[in-house]
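Note that chain A is present in both complexes that follow, paired respectively with chain B and with chain C.
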Partner chain A sequence: MGWNRKVLRVNLTEGTCKEEPLNMQWADEYLGSRGLATKYLVSEIDPKVDPLSPDNKMIMSTGPLTGTMASTGGRYTVVTKGPLTGAIACSNSGGFFGAEMKFAGWDMIIFEGRSPKPVYLYVENDKAELKDASDLWGKSCWETEESIKHRHQDPLIRVSSIGLAGENQVLFACIVNDLHRAAGRSGVGAVMGSKNLKAVALRGTKGMSGIKDMKAFMKITAEKKKVLADNAVTGQGLPKYGTQVLMNVINEMGALPTRNHQNVQFEEAGKISAEAMHEKRPTDGKTHLVTNAACFGCTIACGRISEIDKGHFTVVNKPEYWGASGGLEYEAAWALGAANGVGDLEALQYANLLCNEQGMDPISFGATIGAVMELYEKGVLTKEQIGIAAPFGSAEALATLSELTARGEGFGKEIGQGSKRLCTKYGYPELSMTVKGQEFPAYDARGIQGMGLTYATSNRGACHLRSYTVASEVLGIPVKTDPLVTEGKPELVKAFQDATAVFDAAGICVFTSFAWTVADVQPQIEAACEGDWSMEKLNAMGERIWNMERLFNNAAGLTRKDDDLPPRLKTEAAQTGPAKGLVSGIDKMLPEYYTLRGWTQEGVPTPETLERLGL
Partner chain B sequence: MWKSLHIDPKKCTGCLQCEMACSVEHTGVINPSKSRIKVFSFETEGRKVPYTCTQCTEAWCLNACPVDAIRIDAATGAKQVFDDVCVGCKVCTIACPFGTVNYNQDTGKVQKCDLCGGDPACATACPTGAITYVDADWTGLDRMRAWAAKANTAVSD
Partner chain C sequence: MRVVFKLFASLSDLLPAERRGNLVDIEVMPGTTVGDLITRYRVPEKSAHLVLVNGHYIAPAARNTHVLKEGDELAIWPPIAGG
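Then we have the complex of A and B:
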């Protein structure tokens, strides 16, 4: 049946851990992970709740394909109300933590309240208890994972934790599992920190026994793995170059936001690209990249494991950073690099390591640095205020500000509030490259028009993973569309949004969608799960999940004006590249998108739409 | 002709498909904790290494077993644990120098790789060719071929 049918409810205020049955009617309507956890959240909290108050809840959830042999079946999702956005927050992570939750016999863990003192949750199969984490508070994610394994004398425990950023309630703090995978965006780590919950440690030896038809499941998952292996993107590009394969491609398209979106091409993109990671360094003769790596069950293996140059100024005398570790992935390389005009690969990896170590989202962090650098160059912020000269391109500033932000020291405290609050405070809200308060990822809305609508309408604030139209507009998957035009994009964005919700709810990685459509996922769900899982049902479910998230945001007080891009993207045309002279056509696309969604022109789902979707 | 599991750690990505396949084959449940092959991750070196029984000829486990529960499968050469004979004394787990025989709390018996009767599920599941099942006499064939390729240049005299 795919599910364990068991939910663990942890009341941090009371210090209790209780088992309850999974609501199977909801599982039938929302499948799992992103869909099912969001259904629980919106049913249990007031949308107007302060995200960092004890009344907010945080849910860690798996999907029915998590912990199975379906390729990439290792994902888990953290759902809560996000402190960066005030919207629904839903952050997805790979690694091995999600599968371990299934093997311990649980589908999801709901955290409520706030612990009076730092604690961590320890789960060993059916047994779940809160343990004192006073001695872990103040430690990094890496130290926390090691300490917990050591304490329980069990190296096979899987850990998700927050570092200093989550403790200090940095608004883009993430939750890190398995050293370098993260539920990255929207500040879910700050929510965890606000609850005095340092870590969740899992050990599961029960396994996944509930697959509906194991023989059919093994057969269909093997077939679908072959589809991934035979595909140029998932079978060759991603394993060899990782997501970083995009750096040069997107730069050439004129869609690589540079220096806080002032430019759309970065002259040093080649120096921070996948190709550069494969080249031998002149300093030590080694390549930056050590190997690729897979998350649980993943037959793509896009993950990057790299070794920093030991002689680089950022890590001289810091041997703790000399070993192989995660990164760089494309989004991080862009945010820490192009967004700030920094072309020093080793400095980017150092900042990336700090993000992993202390639990910060490198996208929002890097993009906020971009805003700081623009304010510095405008003379709004001074060297004295920031603590270091911070012109665009300064690797030294990037490294120093990474340290300050992670530790919550000096000007790092202000950076930890994200670019929207920071730019507003200094009188330039329009310089914050955000939607709903969340920083853009690595695609410029002028050079890839569909991504503008993607960002504007994403339920969790600016994000590429809600409808990755780059697949169509750049790679031609499933069909090639022109990235420079707005025609057809509302339809494309809606289709991607609904389909992505299905992949997320199933518990698999959205990267499979370079090779798979929902039609490839459907038979895998059907073999694993009881009930009817037709294409019609799954498509309707994707749309239902999207509308459910939207209803929550509307009830939280978000409106049409929150579905907008910063003025820079609408008025300052791209100066170079194929998109030269173009601005984002968001104002043209949004009304059509609302109509296609069955929403009013204020962005509110009509009663007919809600009825059609069973909401 | 016997075959051997041949492991090339360089190709391993650490996805654990092998561990899942092994557990499904032997227990019917997807459960890496009951796998007879284990992937070790050496984080600071960026290395992943799958490890399992090599089916030693003079098998320590087989020789140590006081009740003759470990026997050679003549068809595959696998040293196989017979559950109905095994008393769970764990002497074999002490005798094995490589740690590849392990106690299973659920069954009260020991378990080790049995080559799945000649069609190892781990090798089938491995997406990168890090685990293959090859002629037992020629486990070095790939490496020899690689060196041979380097030697394949005309020598002028």
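Then we have the complex of A and C:
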């Protein structure tokens, strides 16, 4: 529907909800979602603001393809200054919430200030109001969604909410929508919690409107859906096995970070893989995986819906976890499993369910547990301090620490600060596997060299979704490159970063990029949106968005030293697998990357670069 | 000589009955290539998408000339992706 041209500005301090027109000049320069919301944020807040103060703002934004017939057009983005990193935070989620925002007639919602008491925002088409959420405070995301639907007697309301983790300002708290989709990274849920905003509930019945050329749009979106269907990855591989199929691939390649990155291969990877999810359990004869699932408008359907073993020690007498629910996806399975040396699939799913239920990023949570286990094995942390013996491989420790962290109890409070703060507190900052304070995802920078540069330069802290060079280095998409070398990786990372920004700004899922390039997205935007949307314009916009985020981070106080990897990845060589003997070549790649970006060797965009990009 | 042969995802069913999970230890003649095993186990050419020997990628053009050595681990996946 292109844009609705309407922004909802919610001042939580004053309790007001006001409509204002979308800045169409900015829409022309930043398109939507990640791009446009970031433009609003950087224009409205002081980069040095305390992320958990009322002066920080939080924006939920759709893109012009959100809510349309474009495949995967269901995405929305949460943009704010992140409490985990002190950098720009930008977390993207699927499900149905984003499309509902468009159907209610809005492009984005800007939250500012802090409510004096817990509230939730209720939007029904043009009507928007803050409602008391005192009775919802203390409830999980699952309970909150159910309560709001019941209260309004409308099962079709779409809800994004925080659980206990967001309320307790766990620094990796996420915002959960549609029960198990999440704006997961960088602690956006903690910002929401700091504002006493429990939930956002949307109901839109306006449907789709505003497409520039509806006939052309329907034609091109149908053509591009066929591209996805005909592609072996998006048409067959992802729906059948989901992202989890990577567990064995990355392990074989010697790039599966294991036991807090001490190893690059996990001997029990097969037990927590996609293949294992398809196998019948000896205990009850059922498979872990129940079915796949799709977000709004998605023709790929990579999502996993699983059912935990009711007899597993984690869920005995806990029927609330027995039903089919979201997970496991690759990142969660890695972070809760290999990162901690835990090979118990059911325990991983239990921890994953708690993350969904109470709103925690399983990547940062799981990776922080890995740091705790290493500190325990070194004798720095004791059983008495943690509340349970926590050696690598302990499913019992994983389950207990999931509960403590989700509820903000005992040692869980310290885990909720993330591994950087925790490791620093106990005198071992080098054991935190983070960049800019955010924990690594599931690819080792020694075995997939491009991912080291991806992590180091990601504007939101270590992240795989800012430039997923795994596509090229492992899967051969669009071309196969050698994962063990650094040559050519700066160009590859920059290209992926800029292109990903375009996909994100459009309001579609980056997984389409396994089959689509920007050239496939361009005609869909062109048909949907007013204005001229050439390839040149989109490519420049992707680079502009990246640089805009960088400028914010620089102004927030981040420098070249924040574009670095932990010493373990630069000095401790991989001990097994194809990368045996290798460390990350980040120090070789970073200077070349800066030059390619048109930045100084201190990581600052030059005046010429800013002028070229219109910044 | 013995090598380890691994098939993953939808290819798993092509493994012989004596498989252990996704792998089987097999005896092969010296000089056996990656392509020979792909043919022997009837892995459709289009499905032999990601082919690794000891974790190293073997490009399609090299499969019929890449000779396996004692103890090698050959692993094959159909087109897949993740994130």
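Methods note: the second predicted complex is superposed on the first by the 614 of 615 C-alpha atoms of A that agree within 3 Å, B and C clash if a C-alpha of one lies under 4 Å from a C-alpha of the other, contacts with A are read in each partner's own complex, and residues count from 1 in each chain.
In this section, a residue touches a chain if its C-beta (ideal position, glycine included) is under 8 Å from a C-beta of that chain, and two chains touch if they have at least 3 such contacts.
Being a predicted model, the structure only gives us computed values, none of them experimental.
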Touching partner for A:G207 - first (chain B), second (chain C), both, neither: first
Which of chain B and chain C A:A301 touches, first, second, both or neither: first
Touching partner for A:E275 - first (chain B), second (chain C), both, neither: second
Touching partner for A:Y468 - first (chain B), second (chain C), both, neither: second
Which superposed partner A:T291 touches (first chain B, second chain C, both, neither): first
Partner chain in contact with A:T68 - chain B first, chain C second, else both or neither: first
First, second, both or neither for A:K225, with chain B first and chain C second: first
Chain A residues contacted in one complex by chain B, in the other by chain C: none
Of chain B, residues touching chain A in the complex: 13-17, 20-21, 23-24, 27-34, 43-48, 125, 127-128
Touch list for chain A against partner chain B, complex: 67-69, 71, 96, 99, 103, 156, 179, 204-209, 211, 214, 218, 225, 229, 239, 290-299, 301, 303, 305, 307, 323-325
Contacting residues of chain C [partner chain A, same complex]: 6, 8-10, 12, 21-22, 46, 49-50, 52, 54-57, 59, 73, 75, 77-83
Residues of chain A defined as touching chain C within the complex: 231-234, 236-238, 240-246, 248-249, 252-254, 270, 274-275, 330-331, 464-465, 468, 470-471, 474-477, 480, 482, 510-511, 514, 577-578
